[in-house]
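So, here's a batch of structures to check.
Same chain, two partners: chain A is paired with chain B first, then with chain C.
Presenting the complex of A and B:
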């Protein structure tokens, strides 16, 4: 059975002369390919939310001392953590690829006298920044520098 | 509660936008090095020793990055989980679910500020 969608979503400012049924969400809304990708994009919120809490645990362990840190590193070797972090990495890459494609389209045509660069330039710039930040973090956190 | 969420919408969207853009820029490097590279033994010896990790995290830049890695994914996650649940459960329970998720993000962010300041 279909359920009512957001009641105000499509309400016109003035009621029209034709009587209309309230908008309904079809039961199979999730099975449409575009909707499925959109829901998957929203679902990446789950690993992001959990990741934020795990990084909070990293900061707390650093504050508590070497024993807490060693315990955290041992936990990170647990297959459950490894699988979660692998899923989180895939989620982050999925969000990046989708969002960086959307980002140039969402820019204003003009900001006062400034015009944004062409869309392909913004898109390439985001990828360049992504690769540069990732490499910089890998070099520092990976123990290669300093 | 619904009115309060609408009033806070600009702040929530700012944090969500920062989470999706900056969080996504920062997370692959952190995930590959700290959560996958170190446990799988792919990093050089001592790269993730307590002394080195503490030195990096307690540097002013390290503190800012660590806080960004805590708070930004929380806000991105809270907002997207809210949108996901609104699609599945309808807009009836949205004010309660939204408030609960943003409360988790806010509490986590405040705890993150405290944790990085007291390092």
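Presenting the complex of A and C:
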């Protein structure tokens, strides 16, 4: 059994002399494990959208003064917020890992005379930069520096 | 299940059938086949055609994963049937025509749409001025060759089109193999047609439709890595677009 793909998928501009059946995909096309991972990757856009709205709320609360800020902090202790932030963290890690896996091979073979380093080096560099930026943010936001 | 006789093992093949003269939509037909353990999926299809049902239509030629004509969906995944071991599958093997292509008959797909996309990326060496024979051959160093060699290994089997979720939804998308081949010529040190191809890459079937699902690379039987080619082509197409404001081009 199969599902329909786009009716014009891979259809030539000039139809041939033989009648053809419309393009289709197997029933399992969207549920294969790799495709599910890809769809999950795309779905992480939803937590990012919500996270963006929360950041806007934080900015508004900051502008309104200490009372609004205290109210926001009370709201953030709600378990729903905590669950959402856990989902957002998992989304970020998932996207980061997938992006870092695919990023090195998307690099140009060379930039003028400069040849990019081997893929494992790019890969390791991305993780090193990620960890460094995360630690720097934790240090600054945690009040340890400056 | 124990083998029936000697090393033979009985399997059920669920095969897509479509006769354009009779059928409105494709249907499936089931065949029981006693298979040898070393058979590929293509061997079973050839057995069905030779011994059970001569009306079954499917494409094949070289039987060594070189010609690229025997691509089909096997249990939902695009495969070259001549290099797909039956031993890797269970009792039931579902064989369908390649996904995302119009079906001409049974397991045979319409290739003209692919050929149109293929031709649109100008897959040949373009030079501003042909070199005279007495000037000698165009030389290329091993390092220059390595910049594109991987992308030249494509056998046009179209498995990448059957696996691509963007091809399934965006009929204008140039698709993995065509872009990989266009990129292969853009990276060729002997070629001077990158600007022309980059215009195609930024045009109707733009490379930017690609959402980097990486499925094309996962199913490629020749390790061409079309996803890498497409994403390298994206950057090149942007750089070329930006450069067009600075550097005047002929024509």
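The rule is simple: the second predicted complex is superposed on the first by the 121 of 146 C-alpha atoms of A that agree within 3 Å, B and C clash if a C-alpha of one lies under 4 Å from a C-alpha of the other, contacts with A are read in each partner's own complex, and residues count from 1 in each chain.
The criterion applied here is as follows: contacts are C-beta pairs under 8 Å (C-beta built on N, C-alpha and C of every residue); 3 or more make two chains touch, one makes a residue touch a chain.
Keep in mind it's a predicted model, so treat the numbers as computed, not measured.
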Chain B versus chain C as contact partner of A:109, first or second or both or neither: second
Which of chain B and chain C A:138 touches, first, second, both or neither: first
Partner chain(s) touched by A:6 [first = chain B, second = chain C, both, neither]: both
Partner chain in contact with A:17 - chain B first, chain C second, else both or neither: neither
Partner chain in contact with A:34 - chain B first, chain C second, else both or neither: second
First, second, both or neither for A:95, with chain B first and chain C second: first
Touched partner set for A:52, first chain B, second chain C, both or neither: first
More chain A residues in contact - chain B or chain C: B
Touched partner set for A:76, first chain B, second chain C, both or neither: first
Shared chain A surface residues [contacts with chain B and with chain C]: 5-6, 25, 29-30, 42
Residue ranges of chain C touching chain A (in the complex, touch as defined): 16, 18, 20, 23, 25-26, 28, 73, 75-77, 94, 96, 99-105, 109-110, 112-116, 147-148, 161, 165, 167-171, 175, 187, 211-215, 218, 225, 227-228, 231-232, 234-236
In the complex, chain A residues that touch chain B: 3-7, 25, 29-30, 39, 41-56, 58-60, 62-63, 65-66, 69-70, 73, 76-77, 81-82, 85-86, 88-89, 92-93, 95-96, 99, 103, 129-130, 133-138, 140-144
Chain B to chain A touching residues, read off their complex: 19-21, 23-40, 43-44, 46-48, 50, 52-54, 56-58, 66, 69-74, 76-84, 87, 90-91, 101, 104-105, 108, 111-112, 115-116, 118-119
Residues of chain A touching chain C in the complex: 1-2, 5-6, 8-14, 16, 18-30, 32, 34-35, 38, 42, 102, 105-110
